[in-house]
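Submitted below is the structure of interest, expressed as structure tokens.
Naming follows writing order (A, B, C and D), and every chain is counted from residue 1.
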Amino acid sequence: MAEIHEECGVFGIWCPDEREVAQLAYYGLVALQHRGQESAGIAVNRDRTITVHRDIGSVHEVFDRATVENLGPGTMACGHVRYSTSGGVTRENAQPMLVKHVKGQLAICHNGNLVNSFDLRRKLELSGCIFHSTSDTEVIAYIITRERLHSGAIEEAVARAMDTLEGAYSLVIMSPSKLIACRDPYGFRPLCYGMTEDGCIVFASESCALDAIGATFVRDLLPGEIVIADKKGVRSDRRHCGVEGKDVSRCIFEYIYFSRPDSVVDGVSVHEFRVGAGRALAREYPADADIVVGVPDSGLDAATGFAEESGIPFALGLIKNKYIGRTFIAPTQKERTDLVRMKLNAIRPVIEGKRVVLVDDSIVRGTTSARIIRLVRGAGAKEVHMRISSPPFLNPCYYGTDIDSREHLIACRHSVPEIAKIIGADSLGYLSVEAAEQLAGYVSPDDWTAPDGRKLGFGCCSACFNGRYPTTVPDEYSKENLEK
Amino acid sequence: MAEIHEECGVFGIWCPDEREVAQLAYYGLVALQHRGQESAGIAVNRDRTITVHRDIGSVHEVFDRATVENLGPGTMACGHVRYSTSGGVTRENAQPMLVKHVKGQLAICHNGNLVNSFDLRRKLELSGCIFHSTSDTEVIAYIITRERLHSGAIEEAVARAMDTLEGAYSLVIMSPSKLIACRDPYGFRPLCYGMTEDGCIVFASESCALDAIGATFVRDLLPGEIVIADKKGVRSDRRHCGVEGKDVSRCIFEYIYFSRPDSVVDGVSVHEFRVGAGRALAREYPADADIVVGVPDSGLDAATGFAEESGIPFALGLIKNKYIGRTFIAPTQKERTDLVRMKLNAIRPVIEGKRVVLVDDSIVRGTTSARIIRLVRGAGAKEVHMRISSPPFLNPCYYGTDIDSREHLIACRHSVPEIAKIIGADSLGYLSVEAAEQLAGYVSPDDWTAPDGRKLGFGCCSACFNGRYPTTVPDEYSKENLEK
Amino acid sequence: MAEIHEECGVFGIWCPDEREVAQLAYYGLVALQHRGQESAGIAVNRDRTITVHRDIGSVHEVFDRATVENLGPGTMACGHVRYSTSGGVTRENAQPMLVKHVKGQLAICHNGNLVNSFDLRRKLELSGCIFHSTSDTEVIAYIITRERLHSGAIEEAVARAMDTLEGAYSLVIMSPSKLIACRDPYGFRPLCYGMTEDGCIVFASESCALDAIGATFVRDLLPGEIVIADKKGVRSDRRHCGVEGKDVSRCIFEYIYFSRPDSVVDGVSVHEFRVGAGRALAREYPADADIVVGVPDSGLDAATGFAEESGIPFALGLIKNKYIGRTFIAPTQKERTDLVRMKLNAIRPVIEGKRVVLVDDSIVRGTTSARIIRLVRGAGAKEVHMRISSPPFLNPCYYGTDIDSREHLIACRHSVPEIAKIIGADSLGYLSVEAAEQLAGYVSPDDWTAPDGRKLGFGCCSACFNGRYPTTVPDEYSKENLEK
Amino acid sequence: MAEIHEECGVFGIWCPDEREVAQLAYYGLVALQHRGQESAGIAVNRDRTITVHRDIGSVHEVFDRATVENLGPGTMACGHVRYSTSGGVTRENAQPMLVKHVKGQLAICHNGNLVNSFDLRRKLELSGCIFHSTSDTEVIAYIITRERLHSGAIEEAVARAMDTLEGAYSLVIMSPSKLIACRDPYGFRPLCYGMTEDGCIVFASESCALDAIGATFVRDLLPGEIVIADKKGVRSDRRHCGVEGKDVSRCIFEYIYFSRPDSVVDGVSVHEFRVGAGRALAREYPADADIVVGVPDSGLDAATGFAEESGIPFALGLIKNKYIGRTFIAPTQKERTDLVRMKLNAIRPVIEGKRVVLVDDSIVRGTTSARIIRLVRGAGAKEVHMRISSPPFLNPCYYGTDIDSREHLIACRHSVPEIAKIIGADSLGYLSVEAAEQLAGYVSPDDWTAPDGRKLGFGCCSACFNGRYPTTVPDEYSKENLEK
């Protein structure tokens, strides 16, 4: 039951002729909805004119049949769902961002966070630029537009812009005639593409969105790669792949929590990662117990892994209310009401009298874990052994993950035994960073050859656990201003 | 992934003094949301005046913070969620129904379906009654009101009304000073009550709603029982319990699908029932396979039971998109789009190359099962052995369950081997009615003593499976008119 | 700028074959919108089944294109706009009220107020009736339904119900096959009918609604008359016309304020009445002044009459902001903000240095008049002579007009010279009751023959001015309870 | 009943300390609502941070109590209402436009239309600018921002930007610490300022908005003037006043139709202008008639003028339904339904048997006039003499007025006698351009001295009548592109 949030999911589709692309983008966004529920939008390209609809809310709140139909048929569409950390939840920050520049319209969908956003913004402002939003996306739009003035083609402008942009970005960009996807050289955020039987090219943050519209997965974009889809077919630009000093640094939290279990991200099944994490936990922190119970939904996979490895039976001992949605608690009720109890309930006949291994994906402040353990004990558990399928959070993320500030992170202020005591567990074990990285398919540069023949590493970013940031990070002053 | 729907969930709370009863009812309804998402409503009793808010939609659509707060504090509240079969989805049919009669206001929440509704309605109309809605609830309101003219107390009117009402009804009724719950003598629909630490009495369709507001479960209402909560405390009227010719006939589908796994209905844990059904299936229809996969969410419990009993490993091989909500498919897309594929996805690394036991809770028309099996085969399953944790549907329900008409029910038109072939399964096994009844705690009159000492049977209604209806059933003509 | 409100406008249309009756009813209600903006509704009869849409709000708020189109084509429709005094502004009280009784559905639209509503309601409750709303309309529905049990036809039931109903009622009633209009024997509220070129019969509160849909005015219903439109044509039942002890008592305030100037009510043009009132004022209370200014919109007609009679030039010296709509004033602003100043503005070049005769239709509390006079003086008027085109309000209305309670009515507590001083006028004159009645076409029984040959009076109800109530009036206790 | 529309109304308020500026801006916009109902917005400045709320719809649709209160208190606010011709009705084009540039935030409200917008936009795009909207306002924002890079103060940037902007613009601009108003050197659109008793400075398109919040009118801005309000007080920059080659060219249609009769624009009372136009018509085109009837609302003033000058009695013979609002006509009804008949109704007793002078403010396509005349004849008029209080429309407007294209303008294709025949009038007379200009206070440069001592002309723009455009006008190609 992670309380960590990511920013966005992106989607794009190019078709050889006009069809219901808005509807397909809608399906894609529904499949990516777990990546952000605060705003949603779709842009459709028809006869070289782009129309956009976007607003605050989930895909279902922003779109109904009429809205999707009003976008009309087209040859391309791109879409976006957003969980907003930087920039605030305002209509202006909803994406796709649609701008008009000298060569026509441009729709941009962005997942990630730039680390030099503040500097770039400042420089742009000093050259007379005005900003309507507070999001990184507008900065990216400007950089591309400026490069476009001196570039023969939009894809060239995108390639040149990548020299300037620093940080995490997976982009889907729609010009009047082309659909372009690109991924930063670190590969922080996932991005893949696929094809439909009738020849459409589809880009998506996760492969599950390809499945949703019946497209076949082709491959992940390489870190640093640009893929262009237009009438001439699909082309790849890899000049930014394997760049000196920019090691591949795929976000490990995509596997731990963000991505859907049915997605395969950079060749690693998210489900397999999680089952593997459970197995590793069982080896690293075995427990003498009667049943293994996962905290739904994100702890279930790891719980089955723990059960398999340990031989302790897996049991569905916690049930989640799938209708909890936007349940609110009135201020006057706050002190005595427990939203965790409304979201989750323990199944007494399963738990009563048992020694329980409880598997969850993370601990942030500890409050939620404490409440879940209390719930499990209330249902009669004799012992509760907490196992966490991620390492402890110790550092902020500058690449688009909303991790709580250090003063709130329980692991920054307490040792593991202290945390066990605070949350009321009989024992507590966290996954090691090494195990996590191994499961995420960490490969050193010596051992991996990119599809284009270059020898590259294929590493992970575990900075939130070990503080090893792959890029320079913004100083506190600029970060603060960035977020304003 | 059942496509069977029930009508309603009811909730009621009586407090010794004024408090935020609307908020508590709201929590209760969120916990009961799975019983109906088509309309929702809450009535609050303050200073002997009842105010109601109700509309079409789910609890979250009908209520936001302001609406709940506007209902204000009070000493009693009742609430209702509805999946509408009879009566249509109109505002007029949303509950609680609030009426004014000679002795003041009355709010009524109803779960179930009367079998003599058409006759009663006709009789009432012939005596000059007018109806604003097409729901059974208005008939019940009239019958109680008429009895009230000659009764000293509302609870006496309710008791006398029960002589006239025939069929399924679990009611929560709020008068200016009393909160009354009653359950029909057959006990078709569940109804239980509990208490909070600070002395409030709570009625709910399922025990999970008591858990949600931190109330302690006291017991289920007996079939035929009336429980009254007011300043004098809690009283029970059992004159309708154990009535000759009205055998206890608890709806077995509550265990199979309707109720939440964390609820305990009439002493039987829903979760345990389902795990037991899986175990029974493994004994009745064993399979030579590599993994057991449950169709989420309602097939998961049975799948774990099958796995335990058979020794074949349980695996999370299907994932459900929890944001699927009100996803629509445009008419132009209908023929080629598959909503099942958007709702569910198979996890290839789990399934590929495996012989799969696939456990689901029911088959109605067969279309959905066929699509799920196709999905599983598409992910590389070598064999798919379908096991269904309920017997085949063969008959209509007159007690509030929306079962498809016979011409659509696949089991009415095909043998089990034929169904297996139609849905594309290598083998197919249904739970036997006997096993289901045994798991539901069927007890013959010889073996059971009610809390008040009487010898009663404690049977089940399995009419949808075996056609043994506990009551006379409406003839087709009147049923048709009833539904108009 | 009257602050008196009436309750309702009614509309009905019967067509020889199916057509867009919902759209026509919508136009009719837009034309009657001035009679009530708090709720609106339309019921359509198609294939003997009635569908209704109604909600809180103005016609434009309740209906958009989709809502009207969803009601579909039909052979009959009825509609209602409501300003709610009794019964409160709730969805339940919105009309048309649609009920089902033994002979099928019935839609009822009601304008007026019963004086024996409380007694009837009590009696009905004592016989086992339940009420969903607090409006008189539900009482009427019951009375008709009960009579219907013993009547061969719905129109007979309506006629018998009129024996029981006492007070003000203009009704449009739609049964599965007939459209019926009736007007109480006093004729308190207007009701007329007309025909379209293609043979539709139209009922409406005012003739302006006939004009709006291009129907030709046929005539007003007689006080006490029932008119039935069905396949057999148009029939009239006059058994309640000219009933002993029920003198015709048309509400004089219809002419003074409620009705639109382009309506002709019971043979008297509303515009002509108002111009005549201005003329009478000029004779009764002449003034030595330079210009005559009417308070828009309802004082303009009388101002032109005053100007013509007196020879003093008419001038448009006050302008009304037609977009004022639902402008709100924040509580923190209330003490210093003047909504009158936002609604009205004086045109300085017209007023400056002039002695102004200011004509308005009524004074209720005096506050508004005081503010308007301050506005006029602020624009430089040397003198302000206020002339009111109605007599002073002294008594409550029991027939559907929302007159302020006596303690607020300035004329109940002060003499005319005192009022002049309070509102800041140099002189003040009210129209006499006699002049008003004469303008409204008061005819004594000796002088008037009804269309059916009977000798009837054709009087007015001026009870709010002179306290002569044509009916017994409810005692305070029952009135209070009625309004609950 | 003009069918000519203007684009916008602007409002701004600066206060010496924090107060409810959002509420005051709201009142101001309600008073300016006649200038545009398609979008509305308010920006509030608090602690040097600007917050904006804006959306599609009228002031009442965009703002309710909560929205206004959420904007919170502040020291400055600006607001905007829009009728959109260029740019389309989209959320992106709603104003105030809020942008962030190098020196902080800037909110801009604009009334008018640039004639070099296309060229400026192109140049900006070529220098790397991106546009989010299609409105001129974003161009203005860029120009000011670019000048700001080299200017010490925002007001200096505004002054320099005016060297580049060409066409019609009345602006209210809010920086973190200053409120700035400016008016183009031609003075096409009005702009005035006033003060409240407690020291707030208020800018508004029309003086009626000052009246609405109780502010005292100080004076109109001079064409070309910049007025700055901040802690240092109010300052004026007149460097652009009386510029060679930019003759004062106030839009004459402000008097004829746009502005409210209670506004005084550039020293001329709108009401007096219209009464004067009626008088002039009576002299230029006298008629032998019995009554003078004005088409409400905009023909009433001129009708009183005609009546006074001619001695023919003025009469209220047409009534307007003030609730007509957003009444729609279903497509299936279109051919036979007449929206004019729903908006207007004739009062038969006034008109029957009379020779009528009918006064309206303009004729565009002729269809509306024809319908009104048919209405008047239908009410029994013997003769109808149409008098129009404006000259005939012959040319497009490039300064922000939405005049129909030439092929639709009846006066472009027909002579006056032909038009009279087409619309069904017995005679027809238009106001002469000379009379209109004289009423608008046309002064040649020889006869007028600006408040700052310079000798200036004080002319009008009558280009829509006589084709004498004060500026160069965009060629068709760029105009077309501008509007895209």
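Everything below uses one rule, namely that contacts are C-beta pairs under 8 Å (C-beta built on N, C-alpha and C of every residue); 3 or more make two chains touch, one makes a residue touch a chain.
Here the structure is a predicted model, which is why all the values come from computation and not from measurement.
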item: Both-way neighbours, i.e. chains that touch subunit D and touch subunit C; value: none
item: Chain located farthest away, centre of subunit A as origin (C-alpha); value: C
item: Intercentroid distance (Cα basis), subunit C paired with subunit B, Å; value: 50
item: Centre distance in Å when subunit B and subunit D are each reduced to the mean of their C-alpha atoms; value: 62
item: Sequence positions of subunit D contacting 2 or more other chains; value: none
item: Listing of all chain pairs that touch each other, if any do; value: A-B, A-D, B-C, C-D
item: Residue ranges of subunit B in contact with subunit C within the complex; value: 91, 97-102, 106, 122, 125-132, 134, 141-142, 145-146, 149
item: Residues of subunit B that touch subunit A when the two form their complex; value: 20, 23, 27, 30-31, 33-34, 37, 58-60, 64-65, 68-69, 208, 211-212, 214, 260-262, 264, 269, 271-272, 297, 300-301, 304, 308, 313-316, 319, 321-330, 332-333, 336-338, 341-342, 345-350
